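Heads up, the thing below is written out as structure tokens.
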Amino acid sequence: MTANILKLNCPDAVGLLARITGFIAESGGNLLDVGQYTDPVARWFFTRLAFTGGLAEADPGKFREGFQRLAGPLQAEWQLRPADRPVRTAVLVSREDHCLADLLWRWRSGELNIEIPAVISNHESCRPLAEREGLPFEEIDFSDKPAAFGQLEARLSELGAELVVLARFMQILPDSLCAAYAGRVINIHHSFLPAFVGANPYRRAFERGVKLIGATCHYATPELDEGPIIEQEVARVEHYHDPEDLVRLGRDCERLALARGVRFHVEDRVLVHGNRAIVFRD
Amino acid sequence: MTANILKLNCPDAVGLLARITGFIAESGGNLLDVGQYTDPVARWFFTRLAFTGGLAEADPGKFREGFQRLAGPLQAEWQLRPADRPVRTAVLVSREDHCLADLLWRWRSGELNIEIPAVISNHESCRPLAEREGLPFEEIDFSDKPAAFGQLEARLSELGAELVVLARFMQILPDSLCAAYAGRVINIHHSFLPAFVGANPYRRAFERGVKLIGATCHYATPELDEGPIIEQEVARVEHYHDPEDLVRLGRDCERLALARGVRFHVEDRVLVHGNRAIVFRD
Amino acid sequence: MTANILKLNCPDAVGLLARITGFIAESGGNLLDVGQYTDPVARWFFTRLAFTGGLAEADPGKFREGFQRLAGPLQAEWQLRPADRPVRTAVLVSREDHCLADLLWRWRSGELNIEIPAVISNHESCRPLAEREGLPFEEIDFSDKPAAFGQLEARLSELGAELVVLARFMQILPDSLCAAYAGRVINIHHSFLPAFVGANPYRRAFERGVKLIGATCHYATPELDEGPIIEQEVARVEHYHDPEDLVRLGRDCERLALARGVRFHVEDRVLVHGNRAIVFRD
Amino acid sequence: MTANILKLNCPDAVGLLARITGFIAESGGNLLDVGQYTDPVARWFFTRLAFTGGLAEADPGKFREGFQRLAGPLQAEWQLRPADRPVRTAVLVSREDHCLADLLWRWRSGELNIEIPAVISNHESCRPLAEREGLPFEEIDFSDKPAAFGQLEARLSELGAELVVLARFMQILPDSLCAAYAGRVINIHHSFLPAFVGANPYRRAFERGVKLIGATCHYATPELDEGPIIEQEVARVEHYHDPEDLVRLGRDCERLALARGVRFHVEDRVLVHGNRAIVFRD
């Protein structure tokens, strides 16, 4: 018996949760887990419900049809997905392999419920890491960037990618790609944003003499490093850590923040509203 | 317009949340915040709902009556409380004043929604700290312990204490007192339990050479340091920290863990089941 | 027998630590603790030595004279201070009292080895907090800022302040004051710098949707929030924390970061070079 | 030009650091980094010095000879090692592969300066992980434990192992092996010791309802989970985390604590005295 995950957001109103949980109960579903949040400023309602059995399992199409009759008048954006269905995830990487290695370990161990149709890169260096896991590795030549991004977008489409993870992919995505995959491109930035937007954050952290470094997992948007933040991680540093030490210490922050962010996404725990990510953690 | 907080736990069943939120909606209440958890092993359902308006505000007695008709058949344990009503809290303290000072600051600043009918101690040393806040300070002579605890229990009753906070009170409560105030006595223990149960945890932490020290906020039960854990906090230590350093560093852990634990309790965020505390954090 | 603390920094050279520790040993001193760091980029040497007994205790003037013969040719900047001599510290505060209350508790408990000749403010609100500790509270009218800062600087001089702590003092110090007290004005900023320089950091953190908030303890310099960072602290936040929650959670970060930064300074653990603070922690 | 690392500990005396740094300076060495600690209770002196050039590089034998003339009368235990020489490290593992995978990534990336003559296991399951890195994988049959441990000890000797890392090796080492490799067997235990010594710590953590879980990296000694602690790591958990969640969250603690502990050891940053590990971190 597998769980279904229902995510929904809409303008706030009285009795929303009662109506939604009522619908699930009447359809024979058994709630496992409920997350709910109302943004008091935006007056916006968010919920994530995990439930088993009932109509959603027996006849998902019919459940959707019935639920849309409830959700439509609410102007709700919603999604129903079986929890056990893996998310088709293309991983993009450049030379640094620590995030890729970490994602692959978590994928192989079952911690991340994804399937990886391809690892795509602008460099050859990560090929062995991908191929020894039996994954297709595709290099795209980025000497002509517009052509390369065109090629990339075509491949993502052919691969049926539902999610794109930038696991230290050091190319700035064009707006068109961000738009086409809005809310479905996850990036890891190697600083605790909004500090050190852009290039060389560890070098700049060293020069500023900060006592903390960090990493930020966020959705990519056309504004560089400005997208909704899913997760952040920090580590203490001391005066004796030079920029290379910061790179080394930062790698653990990057791996942890990215892995958690991807997991939250593929478990349908994230709802985005404006520039804020509502994350129903576990 | 003030919120009401409804806490409830009962054996799990299909449609519980739908029925409860449905009742609130039908009674005109507007949900602000919902926490829900089902223990999959114990098959037990826990919820905390914050809502405004409706019958619960207009006529609480009638709301309770109606709700009991829903809750009774579920064998539910439940409680309704207005969020803005302060919890009458007796603070017990011995010689160390850091937790008391911290609680008083948070009380005075409005961070903790409590009222303090008295600070009670087995020593004189904290009298000035309490009295300069305008709080009654009562010393009880503990040379005859059974008599002292009898006197203490009588005073707690006279004071109408709903909650007893042991803010580094270095006397072990008798079983009768733990039973009389089950789930209503909060203690701060100066180690990350279950490590270093009992006396001198910092000295023992030093001797063990741990790299972390901590503090644990828990409900007192007849078994010393074995009650349900509400909150824990840790700090890193190094080889050069001697036992006095651990005491100093630990004070910040104790203050933070106790303050958070008390806040979770007075905001009705904690439900206890067996020896586990379900905490709907904010 | 009290310890002396020797802080020194100078251009790097071979045998520096041997010569310095040799001098202390020959003068009869017994080393308790040595911190040493060489900046490999700036080729600069930093050390902090705690030692007891010998000439530094028996005849400090003669020790200094002898040590200067060693330090002079090294172009060293150095300082010798008895560890038990409190640092004369003026505390400046505006309306928010949490940092002040925390510092006063730590001062009274002996955790901070300071003496406080006065608490100075641009508001009346913290007067009771200072006066009940028996501390002079001085209000300065900031409606005419240049006059107010002139008055402030004169008072600091009269009070013999060795250190100025800005415990949430919401006025920007003029360059002249920063220069006159270079390396001796400690500020607490309510964000993890360099994120959210300037006003309203919690509001901006909320709007950016960060998953971490923080506080930064740094030396004030003419560039706002750009001075050398002594200590930083962070706390996790979630989507459901509104700006007021961030203020509440941030207060604990501010108190901890400021208390640690002040302690590091008064224990002569901080050496500044350019915009970086070398902190020999304990 | 490579650095040498000198580690030394001996009974405390006046002028020790001056004599040691003096010897290095006279031998033409240039100090890069000095760590020093005196245990005030045990009256014991510990130091770690990193330095380049001079006699230690030109003629290590002669440096050792000369240094022993200084160290002998001090009853010092000391060691000199070139920082760039990898530590020959046998990795022992059972079924769980997360610590092994992490160590191998850090080894391959150059973060850990070790060479791995073999991965040894009581199960076949980690063979592919080791072999795809080109490492010999040796399975030992543990159905007859005394024979297996005899075989293991013989292999470690043949392999010339300087360090043995128990990367989730679920067999309790016999006393003889602990003695033969005293201070050279590093274990990762999946709890924040001294809490949850022994088997099934995550299950017991769940049952106790702790709000923190952790991992401890320590030297193995004949007393199970009682050896000197090198590093610990913790993670927050909530009521909704079941034992499997704790296992998942704990894996990251285990990997980080083990990786740091191994790095501290192979960089000669750890000195053990009694049951306490002095760790000169970087």
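Order of writing sets the chain letters: A, B, C and D. Residues in each chain are counted from 1.
As a convention for this text, a residue touches a chain if its C-beta (ideal position, glycine included) is under 8 Å from a C-beta of that chain, and two chains touch if they have at least 3 such contacts.
Remember, predicted model here, so these are calculated numbers, not experimental data.
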Copies subunit A and subunit B touch via same or different residues, half shared test: same
More contacts between chains, A-C or C-D: A-C
Euclidean distance of C-alpha centroids - subunit C vs subunit D, Å: 37
Inter-centroid spacing, subunit C versus subunit A (mean Cα positions, whole Å): 41
Where subunit D touches two or more other chains, by residue: 33, 37, 40, 240
Complex contacts: residues of subunit A adjacent to subunit D: 33, 97-98, 101-102, 105, 109, 111, 132, 240-241, 245, 248, 252, 256, 282
Interface residues, subunit B side, partner subunit D - complex: 37, 40-41, 192-196, 207-212, 214, 228-232, 234, 238-240, 242, 275-279, 281
Residue numbers on subunit D that touch subunit C, as the complex places them: 14-19, 21-22, 24-26, 28, 30-34, 36-38, 40
